[in-house]
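There are structures below to look over.
Heads up, the next two complexes both have chain A, just with different partners, chain B and then chain C.
Up next, the complex of A and B:
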């Protein structure tokens, strides 16, 4: 009951936010929040640490960007294509990665992501170091002009909510139960007759698909697909967002993404602009040393203790 | 009387880089019995368990379940056939509730475990059966507690309830009373006895009182090979068994050795 009210308040805030804050900033937050939520589905609920998740963000971004630039298609088709490409790549990479565990899983995902990074750097259709610039936002369903930032904002909000609710459902589904059981005790899940690799693969593909959705949407927001999206910095950043906000919690990644994007925006226009990565590093260290459960995790602990 | 074996190993061998952990073991578990596997530390008991459930791959030899060759099947497939194991260290899902622990096992027989778009409410139909199982191990009142918060003995009870949820034909229990206090031991032993009335159980156990009390057949392993086999009377009277325990652990006054002394 309380949660429902809280959710409604948050939704209300999200609806009026663009009148108080710069819409492009808000859209950036939402895109990264979705990306972090997708990543958290894999890390927080399936217990799999991927170190190359940027590759799915970037693939969504590049495919959507390229198609929107080259063909006169509507944005929803462009996004669907980007998401589909990420899902396929997720299937291939997932198949290769889920056979390994722990640090080896992380290393395989990193290596595969680097492979894709150098491919995107060299491939003729990505614009190399320049990226794809001037990606048109187009008209949604052929008649809703997305060039208006406010319209675009509500579209991005809808996309985010779709992804967020899908993740929430996944966590509280029959599949989610098995996923959590595998995270908690994999040998036991095997001994109960579960083919754990198939469950891990589905979690991986879902996560990759939603990361792709975030990337495709981001390409339209900034009208740009660039190497930043597939770089391993980005893979690291999403780990930071998730841990800072609280992995394994529903709202943690959203809060983490919001905090990081706000900090970056704030720092970029401050005298510390050249030291953004240093500041982020310090934040990461503080997070790991002092509040390991992340912001939401610590808050939940506090509430449990005092109420 | 013709023998009905539920599980059989034929010339089972496991080598680790030149070290033979399991050496030509021919184990036969008769249907409807409680069969104990004992032996000094390092005798290869747990390795045999891991081979039977394919958590390890045998170097040579065959595994037969109900006369069917299962040597090539993987762990999950073996569990689905009806051979379900427990672990030496209590194997629960710590941050799921007690009810959810059992329900995850019940859920395995459903076909919608990949359905990420359905609400978990569809699983509520399993709650009744889950509570029944919890009742049978005396855990009903803890159904909403997190498994991690249960005391050790209760975790083992929960593990047995979870295993029973799969309705296995053959239960493999790896040291079910290990690390338990006196009272918990008798509770779990009673539980095993109860469960063993309807199913076949193969267990590794160090507590020889429990072994003496429960098992119909005992197989003694030493250095990976079967030393002897028989009921408790026969096995405990065997001088080689006494030597195996005493010879290996004489200086350590191990509890197993002294118990062998006391009981035998």
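Up next, the complex of A and C:
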């Protein structure tokens, strides 16, 4: 009951936020929040650390960007295509990655992502170092003009809510329970008769698909698809967002994404602009050493202890 | 022009040489990763950054302190190893008992800081480092011209790999190390100072990365990004070879360098991706890695 009220308040805040804050900033937060939530589904609930998740963000971004630039299609078709491409890539990469466990899984995903990075760098349709610029936002369903930032914001909010609710539903489903069981004790899950690798693969594909959704949406928001989206640094960034916010919590990645994006915006206009990577490295180390449950995780611990 | 079956032998041997050199670096780095993994069970994500630090150590030593190449070859690995020991004692040790994913993230943070600092100080364009006077010449072989420095890299780094392999597989110290890999608690019960061995192992592993950095300074340009690029390739190599065997890590590193060199000759477009493709192939056919022993 209490949670429902809280959710309604947050939704209300999200609806009026663009009147108080810069809509493009909010859209950036929402895109990264969705990306981090998708990543958290894999790390926080299935216990799989993918260190190449940017590849799915970037694939969604490139496919949507390319189709929107080349053909006169509506944005929802562009997004669907981008999401489909990410899902397919997620299936292929997932099948390979689940063959190894633990830190090998992280290394395999990182290497596979680098493979895709070089592909996008050389492929003729990605614009190489320049990326795809001036991606048109188009008209949603053919009649809602997305060039208005406020309209675009509500569209992005709807996309985010769709992704977020899907993740919430997944976590609380029987499938989600099995995922958590695998995270906690894989041999036991196997002995109970679960085909662990298939569950892992499904979690991987779902996570890749939603990461692709974030990427496709991001391409429309910034009207740009570039190598930044597929770079290993982006993969590290989403790990940090999830870790800082609290992995394995529903709201953690959202809070983490909001914090990191705000921090980057703040740093960009401060004398520390050149130190963004250094600052993120420091935050990484502090998180790991002192703050492993993340903001939401620590808050939950505090509430449990004191109330 | 010497050609056989339409293959330009000069170009082919040239790329083979480049492949052997890259392979020497892959071998040195994969060896360091494997040693650290064996005892600490962590993947050292800052390995690439410490390799970069080694190259910068040589560059800064030459330009600011008057330390020449030969001294750098001795002093820089020690300095990088000492930094590694400091990092292990202050940052990695406190979370040794947590999930190993945390130490991966921790070392990733260290890599971000190092790379960020050097990018800020020196920009991302590379800096040249002169080949030492003694190795400036070259030898004319039947099918190619072999610059002395390149021959030196291959001979020296393979000797370092061989000595390291010998120490680990054949000496008493190596026996301690292997025992620590199998069962650290039991070894501690026998009165051996395991934490000390862990610290020294980490220092030695990253010292090898520093050494590779010094060796690399004259052939690649010294730049802040040199570490992250090579590290991801070395990760793929480690997946291909499996980290269970020291010799396996060295061999796989060298072999992948050669494969990359051959690809540069026959199909240059794929030269950046071929090692990742080999990794995919290995995952499909022998998921535990070529020398892997894990269940």
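Going forward, the second predicted complex is superposed on the first by the 307 of 307 C-alpha atoms of A that agree within 3 Å, B and C clash if a C-alpha of one lies under 4 Å from a C-alpha of the other, contacts with A are read in each partner's own complex, and residues count from 1 in each chain.
Everything that follows uses one rule, which is that a residue touches a chain if its C-beta (ideal position, glycine included) is under 8 Å from a C-beta of that chain, and two chains touch if they have at least 3 such contacts.
For clarity, every value in this text was computed on a predicted model and none was experimentally measured.
Considered on the superposed chain A, chain B and chain C are sterically compatible, since they fit side by side.
Within the superposed three-chain model, A:256 lies out of touch with both chain B and chain C [touch as defined at top].
Contacts of A:115 after superposition on the shared chain: chain C is touched, whereas chain B is not.
Which of chain B and chain C touches more residues of chain A: that partner is C. Of the two partner chains placed around the shared chain by superposition, neither chain B nor chain C is touched by A:82.
By the touch criterion stated above, A:90 is placed in contact with neither chain B nor chain C. Of the two partner chains, chain C is the only one touched by A:281; chain B is not. In the superposition on chain A, A:175 contacts chain B only, with no contact to chain C.
When both complexes are overlaid on chain A, the residue A:104 reaches chain C alone and has no touch with chain B.
After the two structures are overlaid on chain A, the closest C-alpha atoms of chain B and chain C sit 8 Å apart. Chain contact summary for the complex, chain C toward chain A: residues 42-43, 91, 94-95, 98, 100-106, 108-117, 119-120, 228, 232-233, 235-236, 238-239, 269, 272-273, 276-277, 279-280, 283-284, 287. By the touch criterion stated above, chain A contacts chain C in their complex at residues 49, 96, 99-100, 102-104, 106-108, 110-112, 114-115, 118-119, 122, 232, 236, 239, 243, 274-285, 287-289, 292.
Of all residues in chain B, only 53, 55, 74-77, 79-80, 84-87, 91-96, 100, 103-105, 107-108, 110, 112-120, 122-123, 162, 166 touch chain A in the complex they form. Chain A contributes residues 166, 169-170, 172-178, 180-181, 184-185, 187-196, 198-199, 202, 206 to its touches with chain B in the complex.
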